[in-house]
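Chains: A, B, C and D, in written order; residue numbering restarts at 1 for each.
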């Protein structure tokens, strides 16, 4: 922020509590909730706070280079905006604000099947991207195919297929509020704004089969048969699944526990990263999300072998606080912190970041 | 819950605090109390929260099968209702409500010697079961024999012998309230409703020899000589004791620290499960209870080798909130969560659940 | 408590908070304070809560035997009353109440050099003991000798020499209150009741050399040359010091960190117990104190190799709440809990207690 | 404190909370803040509290000797006053008060480039020292050279070069207050008192390249070519950097994470001490700071191989509470506690302190 105009929030540390003040209780519950007692969500943060990095001194860090390539896309930072559903809940501009802020920073943004703005509207708002399309499989493959074709036509340059949600995880916070997600609304159509209908408390059972509960790894082959876009598989926590994804043609995998929203007993995503890197890191790009809040978190994930690091809830907090300007400020602070921390560990470009950065765990 | 009628509570996470609002202080102290400073009780929960499960992706989980056999009983879920004393404290229908809800769900329920409804009354209320009888040994073996004969006649299909209560553990919460359990009331007779007589505070010493303090492993032989019912031994925390139980003819053992109510220094029950499974798991069925609150807890215990998983206090919380309907809702939510979590780890039937599900511990 | 009269407190768990209500703020600060930030004091408790015991089932525990011998004294329980200074701060009867309660229960009590009642007065109050005398070395050996002779004459049957207080540990709680211990008052004379003079806050420096700062191990030889009483060395936390004590003729050692009142960085006393037992346990008796609050703590220390287990602050809490009757009730509850826990782990006498009782640590 | 006059605070434990009452909110934020979420700052304390020391008994500790040599300076204690910027924020006398108190106690004090009093003014106030000059490299080496020459002329006897601040760490607490450090003010000139200008909240980006971001290890050679003063390198957390410092002529290194103010993911400084001692401890002196609050902390760092131990924030808390008298009282209490703890572990002089003092970690 080089100008003197007020900024929507001051620090990455204060962002969440600032956002809590402006977001409606329903949308907040939807945004913040993790599975069940939210152990997986807390574990995501603990995993970062437990690890340490080794500072190095007296290296010339006057010039830092944070640019990288994610698949074939040259971007200005190794972090990207995670696909997150229903951004219209946080700000009237919804995904358009996010898209513009990311494009202005030349940061990759991934847009959800469950967007409140249509595939085409987002595409028109930022003609040059970089942007990818996140795909939730539809009950009929033909419907998935239509989404892919629309994304391809609208200039999205990769598909990110989410595979960790065959069923919806239990979300106590949402159910306690009587807030129910209308899973059957048409997708990717721009009509996804949630009508926060209130069901009788507990009226909805927890076990909700999603449309893609029957999908298997063959779906990767099917997708590749209908599109030239590279396929990234999101929601991997084991070396075995990463291997299968690669066997079926995935160009990259995203290590993620869905922000702690699916399986409460899941390991912290960061704990699973080394296993996935060992399994497929020499063959495809490995990305990471779940629990990233600060520049040092990005650096930590890079040191553990991630090539790209997804930012989730903080983007929506910033969106709620300032729309496009909020997301721009967030991306700016993240860039600053990542640069600061790279300087403090004496690495001037991303290719210098590796596991030798890691110190002993804190406890 | 497929109909639109209000449910007695919304989530498994909110169940305990909802119940606290409706249960009398005396009954709550009785229900909630653990031994001494309640370290063993807390450790039961910590043991679950520390462990993780490994999600697996893109497995067709459209159809899940949760049925299993516990001894020779085919049931619809691998969890069962623990034997818990004095259910009339929580709801006027007491054990009848629990029995009807369990039978409706085809879930095994075990009824305590210290029930507020008689063996026969419970039996008549759910003619088809599945139900087992929990036995506390009586001072005279003849009295135990009469209980067993009544249970057998009333259609109970197995005996669960509790062996971890030769004396009553110290229960500070109860003593502080001046609440004393009338251990000498006639048992299994339906006259067990507690008159919450208030003794002078501290008037009762802690060390109370129970009627069965003199029992030894030979009692298993004695029991088998008087009944054709299979005998399950409940309250085992070591491989050695599991081995002895099997040597003396037990058809199954229940790993349990009595919900943390007996020895405050006891290990968490879940920590003892692998040792017992190693010791006797290839010969008899191993069950588990103590600290189970959610579907993922059931899945965790199954992954560690349990065949059946007992649900304790949550049943009574649900009973207090809604009688039979409350327990039905609880069993429904548990089934949903277990199914959800099985889908997220990619296991479609119980026989696919094993230790490969387990990830690294959280800390 | 077999009669129906009110008891001074209900449970071991509630004892401390009950006592806090009746003790003056000055005396409470004196009694409760640990060194500096009280990490050592907290660590004493954590060490117990982290360890587990393995329950065993179906052993005939109808008859339990808690008697043991400490040196040559046959006592009714393996725990003893620690030497604690200035008991008159808690109750007008001071050490006399403690002495009578312990003697009535045939429990060993050790009385401090810094008592508010004289050696002789305590001796007369309980002619048959069992009681030992705790010695703080005096600046002149002749003064120590006079104390020893008085104790011997008054029927004390052993000397417990405290060796962990060459200087007084920093006690923030006391200094913050302006409470200063008059270390130079005559000792063992019955004139030790503290005049809680208030010094200007912080007026006293922390580093106060005590009278015995110059003592070395030879003092054990000197003591044995002037008395026939066996010498017990209290305040040992290393195998090396235990070995030295034995080399210099000690008949027993007490593993203790002085209730966390001396070195804040000291390990928990319980953590040091195995090392001392390995070092000298086959040659002399090893006792333990620091952090013992419940019967299961006693059992834990016994399982780790202690022969006698000292109870400290709880005795003074009980003394404050009920004088002699309070201490009697405490000893009764402790006996009950120890018996309860022995029954739950299936050990009928103290000689059956060993390390096979110990389970895995909790975290 | 041998006289009866009131002291500015009572205990080391209460010092921080007392100081919080008298320091302005802005200065407090500046003084207390750590990087980001302050994990590194908390970890510094945890590292001390987790470690233990082994008390030893019956060693004659009547006479203790705390004197040592730091480089060629004979001082009365092994601790020293860390270089800390802008002491005028805490007390009008600023660095002069600190200098006088340290000199009176013959304790080494290190003064920051960013002092509120000029190099010469501090020098005149305590002609005999002992004092060293902390150097932040200036954009032009000539400017650094002028500072060094002034320090040398003013009687400072060593240079401490800070190397862990090529950029300023993110300080959420400061940014949230809109408090911005005027990094471009002239340094070492006595004009450094902060005008606590309030910038628009968040108006300042986090990533601020400092003047010395381009410096490399060659700067040590350059410094040695312009001064006869020995060079100490401050801000080392790895064995590799310690080795480089020694290769480039450093006479000592300071293991420090800058009080947790730079890299939030840095390991606790104490955790890095053994690695640095192993790397260069046999060749140069190793000092330590970050998290030291009490005498036992000093002893712990000495046991781990530090020769000198820096005290940071406590000096400023004491300065705020009592100016020169406050710092004198602090140094007196620290000396007393260090002596107390040395007596309790049976070491009479610093050369007797080594790793055999260390016990098992607490958890």
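Simple rule for what comes next: a residue touches a chain if its C-beta (ideal position, glycine included) is under 8 Å from a C-beta of that chain, and two chains touch if they have at least 3 such contacts.
Bear in mind that the values here come from a model prediction, so they are computed numbers and not experimental data.
Superposition of chain B on chain C using C-alpha atoms only gives a rotation of 90 degrees, nearest 5. Here chain A and chain B face each other with different sets of residues for the most part; under half of the interface numbers are shared between them. With respect to chain B, maximal separation of chain centres occurs for D (centres as means of Cα atoms). The mean-CA centres of chain A and chain D are about 41 angstrom from one another, to the nearest whole unit. Taking the mean of the C-alpha atoms as each chain's centre, chain B and chain D sit 59 Å apart.
Counting only residues that touch two or more partner chains, chain A has 363.
Taken as a graph of touching chains, this assembly forms a single closed ring in which every chain touches exactly two others. Put simply, chain B touches chain A in their complex at residues 1, 4-7, 9-14, 48-49, 51-62, 294-296, 299-300, 329, 332-333, 335-337, 339-341, 343-345, 359-360, 362-363.
Remark: chain C residues 36-37, 39, 43, 46, 50, 163-164, 166-170, 172, 175-176, 178, 200-203, 205-207, 209, 213-217, 219, 233, 235-238, 240-241, 244, 257, 262-268, 271-272, 363 touch chain D in the complex.
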